[in-house]
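The two complexes that follow have chain A in common; it is paired with chain B in the first and with chain C in the second.
The block that comes next holds the complex of A and B.
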């Protein structure tokens, strides 16, 4: 966690003035694209609805042009102020961002100010630049103007927080508000685990860093097949087996499971209790997401 | 305490905090949330922060740490929310801060000088007293000038504009003109320069067109058309230009900041000016759509122009002078 190396994942640490330190996951271009498309769709639909309703409503009084007026006004507002006003009034979220759990924050983690929200959205105009032109695309009748979005993508790639130009100007970033369920300890009930735990020296208490590494491994373990598990577990397992004076041909995956159980569950008896508890919870109202995750 | 027991004992409170976050995230239920729950939210948030801070000492597994990070992040975003500019906020911004800032704004003074100077000079050079007869042709181009001339051949008293056309045109003017203003501002920000260029360029083109049309037969119709919305529209152009220019100056005179930082703080300071400009563009568009092309007598159109000039005077000079310049406010905008 306190690795001196630059981090490869997109997590950004925040220290608030109250000295609370936590991490956000920053949203990159691919995370933000669906939200952008949803917002674009909402804007287009809203303008068309305003225009149509205006046209239909005012054509009864023979003033269909008011529909045009409203449509153009809506287009203007949607183009320039849609994102800014939503982000200013909904705590940094446009409807699209809300759907995909994104939020705009200042780079120090504080909420955006209304002025920042509006300015960073005005600058969306620059994002589409430069325009690629394909002359005579429409059967030789007209040229196709195609926004390349390079002005947005290049700064996003170059900055650690994936900021586009508007973000850089306003000192903002877009973070993912993850919603992961309460992590429960994975019940480890493999064959032979109890026997192996007997073999562990009674006074063996894993160090913090070992416990942390093993918990990383256990969190990811369910995604790997048996052979892969052995391959990964071998790196720590060999050294550990030698240190504890265990036979060299021991199942390394099982050994790490035992270390995990020792450091987080205490003893086998408790471990078995928890296993039951988890199973009992499945019937209760804990939530389906968690169950899916357990599976 | 074993990590397992700790997680077991703490997770009900974490879940409770999650539920409260869910409620705060939707506007409607957030408004109805009783005070006791808000107090509970604050204490749960502090407890979760403490758990996260001690996660290493408690030897929590990595999954739980990740969970706590996202929980604290979510709760933090609900505890510290964007200050909504309420009705009072907008009023204060529009009628106190913006006039105050505009009144003391040197780049606005320079922008008006450049704009009106360029405008009057170009108008003189393309009028009938010009020492350089080919000026208008060279600046605006023969083709464009002829197009403008043809546009104003018909008198508005026998106008064929229907009310429908006028409403449509008002909408179009809002969309088109205000977009140009905003685009100038954004371009000035993105490319740093451009503000001063844009303002002189516009002044000369508009001035030359005015001057040229005054020498033609269409002159009466032309002036009848432009009088009513002129004050708002031209002031809006000057305001956008001033905002763009301020960005350019921020690149040169950084005031001790780095160049990019200085450009950014200038952009934040000029944003409210741009709002004023957009509002003016909108007023101008409505006048341009409804009053300018109407067959109303010229006197009324002139009265509209005078009234709008007086409103601008009141806004820029009286409101601006009445409010003392507020350094702190500028600083707040610059820092945030």
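The block that comes next holds the complex of A and C.
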């Protein structure tokens, strides 16, 4: 195996017919499991509530059988149509998926259609196969049957988009709606920073991508030791020092802090040595400019 | 290390994503992983069978198969790091060098053996004897095997103050015990689900293919240990990815990648 192997990741790129590129993280079986369990719990509670209310109500008029029938009807509807109807009318999300930030989409990134939503959920029954049996599980009296979900696990393992059978048939996939963690602007208060800020040319304005990379570095900087900081900062530090005509032996970590301050706190560095919030930062939110850049 | 050319994209991941990605990695490399797995696991599986077969032939113990299952699980738990080491070594080569040789895997396994035996058999064995402390290695140094196998730090500190495995492990695992405990509990749940699905499912599939139910003897001798080793093999892949993830976060690999690509852009502009 000496030829380069393809890159392995859960993110996939999609280009819409309008030529807009998106990147999604596809959800595999273990990412989907908590959402499935929440939906299962909701279905069980709903069926029990309908059955109980039906039994209590119809028992008064001696028609308890109707209460049973209602319970069975609720079970049937919940089992076969709960997922499909929610995904069809809530843009690819069941309550469980909503809680865990998952959404069903077509493989080209467009919203799922009602027919796709219902069909992919009807096929969930196949996913449960094969049903396993533990004979005599109930104190030797009765056997325990349980779904193994191997019919879902194997296709999800083999497809790049982690598609189960229902997804393969309907051309859908489940993606994670990633929420970018909101981070506040980090205070920059290293010794010598103010002097270095003065050395930066007045017309120097870091590019959007440079500001984003430096912001990433600053957010993680406190986890690294001094040697590791220098090692990481050196990559950009050397190129930037050469570009700005600064001495080659400059402290690269400090230089990146100065670039960060210039990017987010302006040329005056008005927020240096403070933990003041920037305008637009409400309770731990990022400043407007950083928000724009992070996007 | 060149992070741009790694087989697995370098970025931070949550544990659920790691579990999912491990499935894909397992599927993408199933042949070499199976070979490495068989090479590492087969001797231990045969040893277990030889050690525990008495439980299954002795009529009295046959009344209580729980004992057999418990001993089998304890042995597999203890042997797992050594048995899955060839898989870890293969994954290390495939990820970072994108080429592998069985000879190199064998020599690295042999070289790591003293540390693996000391930390993962002797130490873990002692902790397992007290039962309640069996969880400690999984919370305080879960990626010790990966460190021993892939980083090859020395056992003892020498005069040149080189980083020993113990110190490196302390640096890597420090301050994340809570998260590692959560991951271990999640792994136990996922492992139990997978084991039940594989063991139960394969029995039904065999019945559908042959028309006969596997006998209890075959189930206990072959099917259950096979399902157990499969799950442990899968978790060797999970552990490898989780180890990478911890190092990515600890050492800022993805930050370094982002700054390096920015440096390349600056150089291009210049």
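The working rule: the second predicted complex is superposed on the first by the 175 of 295 C-alpha atoms of A that agree within 3 Å, B and C clash if a C-alpha of one lies under 4 Å from a C-alpha of the other, contacts with A are read in each partner's own complex, and residues count from 1 in each chain.
Quick note on the criterion: a contact is a pair of C-beta atoms (placed from the backbone, for glycine too) under 8 Å apart; a residue touches a chain by one contact, two chains touch by 3 or more.
Not measured: the values here are computed from a predicted model.
In the superposed pair of complexes, A:165 makes contact with chain B only, with no contact to chain C. Contacts of A:149 after superposition on the shared chain: chain C is touched, whereas chain B is not. Once the two complexes are overlaid on the shared chain, A:31 sits against chain C while remaining clear of chain B.
Contact with chain B, but none with chain C, is seen for A:118 once the two complexes are overlaid on the shared chain. Which of chain B and chain C touches more residues of chain A is settled by the count: it is B. By the touch criterion defined above, A:216 reaches both chain B and chain C. Residue contacts after overlaying the shared chain place A:242 against chain C, while chain B stays out of touching range.
Residue overlap on chain A between its contacts with chain B in one complex and with chain C in the other: 1, 212, 216. Residue ranges of chain B in contact with chain A, taken from their complex: 2-4, 7, 11, 14-15, 27, 49, 52-53, 56, 59, 61-64, 66-70, 72-74, 76-78, 80-85, 163-168, 170-172, 174-175, 178-179, 182-183, 185-187, 189-190, 260, 263-264, 267-268, 271-272, 274, 333, 336. Contact residues on chain A toward chain C in their complex (touch as defined above): 1-2, 4-5, 7-11, 25, 27-31, 33-34, 130-134, 146, 148-150, 153, 156-158, 160, 162, 209-210, 212-214, 216-217, 220, 223-224, 228, 231-233, 235-236, 238-240, 242-243. Remark: chain C residues 5, 7-9, 11, 13, 16-17, 19-21, 23-28, 32, 94, 98-100, 190, 196-201, 203-205, 208, 249-252, 255-256, 258-263, 265-267, 269-270 touch chain A in the complex.
For chain A in complex with chain B, the residues that touch the partner chain are 1, 14, 16, 18, 20-24, 63-66, 68-73, 75-76, 79-80, 87-92, 103, 105, 109-119, 122-123, 125-126, 151, 165, 168-171, 175, 177-185, 208, 211-212, 215-216, 218-219, 263-266, 270, 274.
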